[in-house]
């Protein structure tokens, strides 16, 4: 099938579908018509899209953890614990890494080893292996809106099974689940595979079932300038909307400088509305998600609480619709459920303390919104141009040319030419703009910001500055100053 | 004539795609004078072994950040032995298990699995470099 | 002795001193000349005043805990633990409540019971009972600047012993250690007794020994509007400066609304410089201290971490010279040393992450600075007028008239007529201005702010609103909304 | 004729000057229909007893927020007995001991000291009022 940003016909979709459902035996249990009926009986308070719309209307910021274990009963217990003890508003099901690589045999092996060991040896819930019935056992025993969170380049079978199982939200996208999550899968393939997922959600929508979709905002989670993740988020949003998705949450990972973080969420909202309207996707409801600090954490739990709290504060002050929460065990690997609940409670407390305090739209915030908007427009418009008016085609060409370039990404289809670093106030800027199609003004702005920092630190900007920035938060600071 | 640099294999094992630490370690090891063969992320055990044989590497540095380390890393020493490089230095580091666990227990488990050094989360490249230089020197493999 | 704001002569001071040193046998061990020599050998890094000046110059925010136990060795161990494990920049010695009431017999009893029980039965360090030698044992075994923190209406003997013992900072004041800490001690008496303490510090200064003084900023710590605590802080600062004190730290307790908290610190700095200059105290170095939330805490430790982190963020963004740190055990009573260190580490992490991020001086912050300044000037100028040009005399008359009035204070010399409540954004306003000598504009401003909230909540402002606000943070919010 | 309201004594014991909770409790108890004799802060044991005798109060509510509760509260029941009001209701609440302690142990200790009810930090006035009404009704002291 040729890649273009155009809604798949039913024929196109069902031809591929027959193959997808054969990828693992559990695919045979998916019955779309029966799944529609199943969804029709899911109460409103468990529907992700409805909860997000309500939050957006009320100016709330909802909390959501990451969580997933190998076995069904343990997973149900984990989610209910996070709802009760963590006061989480929205619940996830994080998928294990074997499933993300479509290694269902290894996932099965992980399930069996977990059964033997009496603890989860998988870092998530292998939903494909558990199948529709297993997924429904989770859905029916957890009273909250549920989302699939993963990092799966080819997530078609996973989508079929989890949506038929009653999940009401699905994370991911053809760019955001490729560039940071794969090494040698082409963008053509992942964009097509995610058009499939979006089309599936679109067909649910045609049957009156509203499923929320969420491109993965933070990408590599490491010094990603807002304009780059915004461009990817908006492209993925548009690709989803074209396939008929009606409820989309666009994401952003905390950079750490409050002005930049507040401006980023405001700019993301405004730009998304602008580009969706410009391209005619006017019946899509857009919300935002703010990811607490995705980089390295301090090992000390008390310090980790401060990092979590600062992420919660930024999310609340920026008025994001939801916040994805970290835990005080972040530096130590996958958290216990108790630590997960602690991160959620700290976040909830912070959000509630700040909910009555709007952050003023200062001239500093406005200036930052303007620069993010200008940069993002450079990227989006160049992608559109490269694709000859098609964002899907343009995206493939843009990554090849370094017009889109994600720092520290594992994919060989990413040029890896740009180098980000913090400026003297801790905002993420570009030390090397690579091939990003920025105007000279913008390039000069970044150069000046990095030079200002270099001067303050008495050193020339170098890769060492970038390394210092990457380790800075875990060593207790935002900007990686020379030791 | 300048002596060849020591070659070392670097990679993130299994279905893991955490790339940031891998890139930093590559940079730091190269700057420290090693010839780094970086296999990147999502590396199967056999690719580590094949690369070590092809390049005559003296050490394999395995990273695992996503909690599946216990499953992914088991058997690598055996595979090295079978391939005739049973005495190659094997290091492993990262978030090796799911859940918060006593690091001493994790270390013991991975040493028993045949790894020469086991690193806790948050270990800085400097520490790895110092250990590598020490271990290679002991084996007479490091050219001053 | 007649109360007036005038530097005591040496004769006046030494006449009183002879009596003070007889209040408890350990007073006899105080030898001023020897104490001067002792201070001359205290290294610069242990001198409170010098550390604060350096922090002010560098734009640092230093961390300081509260801590004190009954026995000397345990106290030394506690302080060293907080320095090492809590990374505290400045250390306290919190004095027990019997000593604060000059009940040295009860304190002795507490020391003995603590020895028997093998744990501290006192809530602080009984420095008077331990005497100069005991205090010096602490000073010599802790490598950090040390401050006496207490709440003692008559703290003259305590000052003599702890300063001779080598402490380099002393908290308290004739208003701030009376109104929130006593029931029926007159202001005339406490202001005179604190003139003694200030004069003692002044005489140290005459001998070249610089001791830092810190009026207690937060007062009752419960919904105190910034202008009231600012007026008290500036009056106590002026009274101290008149007695020869050269290094003063003025305090403020977090209200919880970020704009108001940042504005409060900025206004406090500006007003203090203005009034000190106006009255000729030009050779006094002024710094600021920000107290993390002094009201009720959530019992849950994760939530408490969020409250602590928010206080740390506000202190850092306001660029206060130091911050007094709470602990995750706050709701449960006096914390373990581990919990104390956790609060310190969370605070340090937050301060370090924010040190490179100046908070913009927005129009909202500027407006808040203006209202705080205007209110504080109304209070200070009326006090000066009531005293016929004397702040000491004026203060006594002002409290009698309700011109100065501290919410929820136990003292019968406080009129207790004002009632504070939060506005719709969480800033502390006045629901009843009592007899505060505000202009009609200011009174209207407060009325409008409270009415705006009442309207948003659909209820008339009442004492219930005040109660709801007092319990709000421990229940997870800043503003006490109706349930 | 309206029955007299039940009188209760309220105060913060010892060298403790925490006034906020005291003022709120005063307000809440008064609103709940009690005749509150509030001694405020810094109240010695004998003042509680004297006030109870003078006003014919049915209950004494002691608060201690500063950690010295263990020393300050011991012996109050004996003093009541000696003064002939040995069966008066005695409640105590607050941060009763120095350091984080298991509340069940604290409660047991204070009950042994003769207190009828012991409250953990953070108890809301409503709970105290409900208990007071229940205990007074059981003793036939509450006029409907």
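Chains: A, B, C and D, in written order; residue numbering restarts at 1 for each.
By definition in this document, a residue touches a chain if its C-beta (ideal position, glycine included) is under 8 Å from a C-beta of that chain, and two chains touch if they have at least 3 such contacts.
What you see is a predicted model, and the numbers here were worked out from it, not measured in a lab.
**Student:** Enter the minimum step count from chain A to chain D; a value of 1 means the two chains touch.
**Tutor:** 2
**Student:** Whole-Å distance, chain B centre to chain D centre, using C-alpha means?
**Tutor:** It comes to 67 Å between the two C-alpha centres.
**Student:** If you average the CA atoms of chain C and of chain D, how many Å lie between those two points?
**Tutor:** The separation of the two C-alpha centroids amounts to 30 Å.
**Student:** Suppose each chain is reduced to the average of its Cα coordinates; what separation in Å results between chain A and chain C?
**Tutor:** The computed centroid separation for chain A versus chain C comes out at 45 Å.
**Student:** Pull out all the chain pairs that touch, please.
**Tutor:** Pairwise, the chains that meet the contact rule are A-B, A-C, C-D.
**Student:** Chain A touches which residues of chain B in the complex?
**Tutor:** It comes out as residues 14-20, 22-24, 27-28, 40-42, 66-68, 70-71, 95-101, 121-122, 124.
**Student:** Flag every residue of chain C that touches chain D in the complex, lowest number first.
**Tutor:** That would be residues 96-98, 100-101, 103, 106, 109-110, 113, 119-123, 151, 180-183, 220, 222, 296, 299, 329, 331-336, 339, 408-410, 463, 467, 470-471, 474 of chain C.
**Student:** Per the contact definition, I'd like the list of chain A residues that touch chain C in the complex.
**Tutor:** 256-259, 298, 300-303, 305-307, 309-310, 312-313, 328, 341-350, 352-358, 360, 362-365, 424-426, 473, 476-479
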